[in-house]
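Chain naming follows the written order as A, B, C, D and E, and within any one chain the residues start at number 1.
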Amino acid sequence: MTHEQLTYLLLGAVGTLELSVLTFIAGGLAGLGMALARISPVRGVRVAAAAWIQVVQGTPLLVLMGLCFYGPNIIGIGSVPALVAAALAMTIYSSAFLGEIWRGCIQSVHKSQWEAAECIGLTRWQRMAKVVLPQALRIATPPTVGFMVQIIKNTSIASLVIGFAELSYNAKVLNNSTFQPFIYFGCAALLYFAMCYPLSRWSRTLERKLNATRG
Amino acid sequence: DQLDTITAAKKIRVAIDLGVPPYGMKDDKLNSTGSDVETAQLLAKDLGLELEIVPTTGANRIPFLQTDKADIVISSLSVTPEREKVIDFSIPFAGIAAVVGAPKSMNIKSAADLSGKKVVSTRGTTNDQEITKILPKDATIVRFDDDATSITAIVSNQADIFATAPSLLKVINEKNPAKQMEVKFTMKVNMLAVGLRKGEPKLKEKINGWIRVNLKNGKLNAIYKKFHGADLPEEVTKNGA
Amino acid sequence: MKYQFDFSSVLAQWPLLLEGAWVTIQLSFLATVAGFVLGALCALGRGSRHGWLRRLVGVYVEGIRNTPLLIQAYFLIFGLSSVGVTMPILAGAVLALVINIGAYTCEIIRAGIESIHKGQLEAADCLGMSKLQVFWHVILRPAVERVYPSLTSQFVLLMLASSIMSSIGAEELFGIANRIQSDTFRNFEIFLVLWAIYLALSYMMRLGFWLLGQIVFTRRRKLGTPL
Amino acid sequence: MQPVVELDQVHKKFGALHVLRGVSFSVTKGQVVAIIGKSGSGKSTALRCMDRLETVNSGTIHVCGHAVHDAALDVRALRRDVGIVFQGYNLFPHLTALQNITLGLTSVKRMSPADAREVAMEVLAHVGLAEKAVAYPEQLSGGQQQRVAIARSLAMKPQVMLFDEVTSALDPELTGEVLKVIETLASEGMTMVLVTHEMAFARGVADKIIFMHEGQIREEGDASMLAAPKTPELRQFLGNGL
Amino acid sequence: MQPVVELDQVHKKFGALHVLRGVSFSVTKGQVVAIIGKSGSGKSTALRCMDRLETVNSGTIHVCGHAVHDAALDVRALRRDVGIVFQGYNLFPHLTALQNITLGLTSVKRMSPADAREVAMEVLAHVGLAEKAVAYPEQLSGGQQQRVAIARSLAMKPQVMLFDEVTSALDPELTGEVLKVIETLASEGMTMVLVTHEMAFARGVADKIIFMHEGQIREEGDASMLAAPKTPELRQFLGNGL
């Protein structure tokens, strides 16, 4: 493998990270909104959020990518760059999964905590922000870090419909001009592993710590 | 009007599939190259515009045009009646044959000889449409998203028979000389043209004019010869004026 | 830009779509069954006395869980065949899915196994049950029962992910849709129709798993524990 | 004197379960009322209704001038006047003892952090835990946690305090230190309603004792009532309970 | 008569902790032996060694002719002859009472499902739970679960039964029903070793009582031994325990 090719692969890894970080920020915000909507006091909001999650979780990411890539144009927003389309699809996808993860964490904060906060006279938002979320955050960290691994891996799908230049795409391009799949896909796999494995380990360590302090 | 938009932006976005050597590919230094790429470069230069290559795949070429991801398509795009329903074409600037290729050792003379065999084609190409039409019932087609993946499949011995353009067989033989791929029979000869959105007469006229000039002065022929090792077919060159 | 929706040319291809959906169902079914077996065996291996076996399974599970399915599939289909190991595309697709889901299943089942009380194993030992009998009756069944919800969602995700197999040449639902797209150029309509079909498939799958759970896990049915 | 807490014919159902069946009583300023009764008799439910943690089905409840039974009640205004402490201390585990107390002061009473801190240190000293200000709940014993919980309520300067079996999860020696705090409050004239199973404590500190049985008040009176129970239910309860 | 269970100079260490320090005793056919002693004295460990749930460091154990201390022991053969019941009932939660019992019969004894069912119903009736056959463990009270656990062991027709504080997690009334079952077994001539802290029960049912202290047998004798303890340890133990 030449120097240029390696650089090209690493460039792809940067693309992967770019998309992952964007997804994580946007998807995190959307997921938080979704988690809050799922436990909203308004029935309509709860039902709508549940439906959203059900639908997104029943759709392949590949189809989401297609819808986000061609959709904005169809509804008249105009053409969006590949990065934006990919980030949009990944955000929708993450909103559903992170929303569910975080809802579980919020609900695992004991009801008596809500009550105690209520009895001091905190408003609903103060209760959420100052009492429940800080506690939920601790529980939520390990599965959230675990989900970041999913995000990184799933960015690879962006290359299939959209042709966004991330790691898998660049590996494929390299293979397409040299036809040595073992080398390029192997390297790509290693790079993915290098990005994901530390996160997996970290997630597991966090989980163990959490269980230790709880038990 | 699109021509005005392009002129105002001083930039033309051309969709090219970079996974179809020798039409579009990356060279060893990872620069985009190929006959489609050089054609696009020549076009941009002559029109005084900056060139932006939008990488695409065989199946995505027309959707990209429809959804304004690109201004025009120069990507081994054959003129077919189905496609003419949804997009416009310029006059042809090159030609391409749809052939069935296989290793020398295989005895294949017509579609009937493909019976019971596995044939590779690239989704959404004219080759795919042609081979689907003529293939015997008991043969199977394996389709990939782009030519490069199809080539990978042949080179890596996933399959032996390939419905494609002759130039791609050459590429395979370079990568895997043991294969000795050769043209077994030709399904059809197609005209290659520039794809445009419907209802853009000014842009179409501009490009047609450019093609005529460059067919006449031999520049398009030179590009074709450089990558395909042969002169343009006469059906194409006769359009030069 | 005004877009005229036209589903007729897409829906006219329904026999093809049906064919694709059928391939998707077959792929998912085979991968689910084989992946479950592989995952259960790996879970067994992860608790093995032999350090080398535990490590081997660990490398497999971590390797798979930290790389994308797409790359695994490329590797399996093109990588292996370039060193002379070829297999039919569909077999390759199933294999890629099985290897992928096996790792996830292993992790999920293992979590279930870890939640089983040690006293249960002792009780079974004291009845004189063999290792295999203990694993089957006292470890695996209750463990799977406990993690059944996570398992089923993982399998539904697998079905959705099988769409990726179109890029290594499998003519499943997504691949068929790509072909229809290049014939009709109604790409957006195609994606909408695909969306509907995948949603329907995933609900059918959930329903199927729910029914299966009702049959297999009699306790849950009787005590009305939701699955 | 206008009563601080007044319940009139309060009924409360959980689905088909009729938990409060017409409960009426009142508490005047400075009074300490103890509610006793066996498990499931509705003591906690009555207390929770007074702080609008449950809504009643019928009857009226007035607490510090708030019509608690009214759907249009300003709940936050009610909570400013009422402090409540539960059996499970319900401290916020992610905050120190001090922060547990200042949270309400800064975010509900909009005090400056410095003022809040001062008030918090004062109430912590009051419950004898000034030196534990920076400890997290898990670093405190059950009795200490309960005292912080009481301090947290006190800091809001409520007009009436409600206690629900605040010592039932504690060892005898820890129980003592919590009861001492409550006694101090009583001697300072705080109006209080406490659900308790510590008969000796009820006898010692309460001005009025209410015996609940199956959702109703069976007997009501001062400490002497425990010495001479009139109803067979109270007699039996005292027989088991002591 | 050849003893059914015989321990000779058994030593057992957990790391540095020397838990059994030369334990020897024997149990003849039909005998009921109760082991008593304070927490941590090694009672459970001794019992567990007899069923090879722990391996001994030195000394010999023979149970029903099996050399339990021998590394080459056929463990499954031993377990066919020995039934053991623990404090935590360890029923399989995903199986009904009946299935809990038939599992061992069909998978270990290779009985047909119909035969297994018949045997299971019989032993369930024996412990007074015939009507709970289709209930799942979580639907049963602690005492009922413990009786199912005993029935599960009984169904395997063991020659000796070991019980480790089978009632210590139960309420007094539930304790009674389990002890009744064990009494019945004793009267039917089952050989049994039971670790218990119910002195009255040990006195009533046991032919021999063994008092363990710090990993050794301090006293051994019949029920009268409890009335006249010889060692100060037993005297102290009985003083605390009763």
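Operating definition for what follows: contacts are C-beta pairs under 8 Å (C-beta built on N, C-alpha and C of every residue); 3 or more make two chains touch, one makes a residue touch a chain.
The structure presented is a predicted model; accordingly, all values stated were derived computationally and were not measured.
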| item | value |
| --- | --- |
| Contact-graph distance - origin chain A, target chain E | 2 |
| Shortest contact path, chain B to chain C, counted in steps | 1 |
| Cα superposition angle of chain D on its copy chain E, in degrees to the nearest 5 | 165 |
| Whole-Å gap between the CA centroids of chain A and chain B | 37 |
| Chain A-chain D separation of Cα centroids, rounded to whole Å | 46 |
| Inter-centroid spacing, chain D versus chain C (mean Cα positions, whole Å) | 54 |
| Separation of chain B from chain E, taking each centre as the mean of its C-alpha atoms, in whole Å | 83 |
| Residues within chain C bordering two or more other chains | 1, 78-79, 82, 167, 187-188 |
| Multi-partner residues of chain E (at least 2 other chains) | none |
| Contacts with 2+ other chains: residues of chain B | 63, 67-68, 145, 149, 152, 155-156 |
| Which pairs of chains touch, using the document's own definition | A-B, A-C, A-D, B-C, C-E |
| Touch list for chain A against partner chain D, complex | 112-113, 115-123, 126, 130-131, 134-135, 138 |
| Chain D residues within the chain A interface of the complex | 51, 53, 76, 79-80, 82-84, 86, 88, 90-94, 103-104, 107-108, 149, 152-153, 156 |
| Interface residues, chain A side, partner chain C - complex | 55, 57-63, 66-67, 70-71, 73-74, 76, 78, 149, 153-154, 156-157, 159-160, 168, 171-172, 175, 179-182, 185-186, 188-189, 192-193, 196-197, 200 |
| List of chain B residues in touch with chain A within their complex | 18-19, 21, 25-30, 55-57, 60, 63, 67-69, 145-146, 148-149, 151-152, 155-156, 175-176 |
| Chain B partner contacts - residues on chain A that touch it in the complex | 2, 4-5, 8, 69-70, 73-74, 78-79, 160-161, 163, 165, 172-179, 181 |
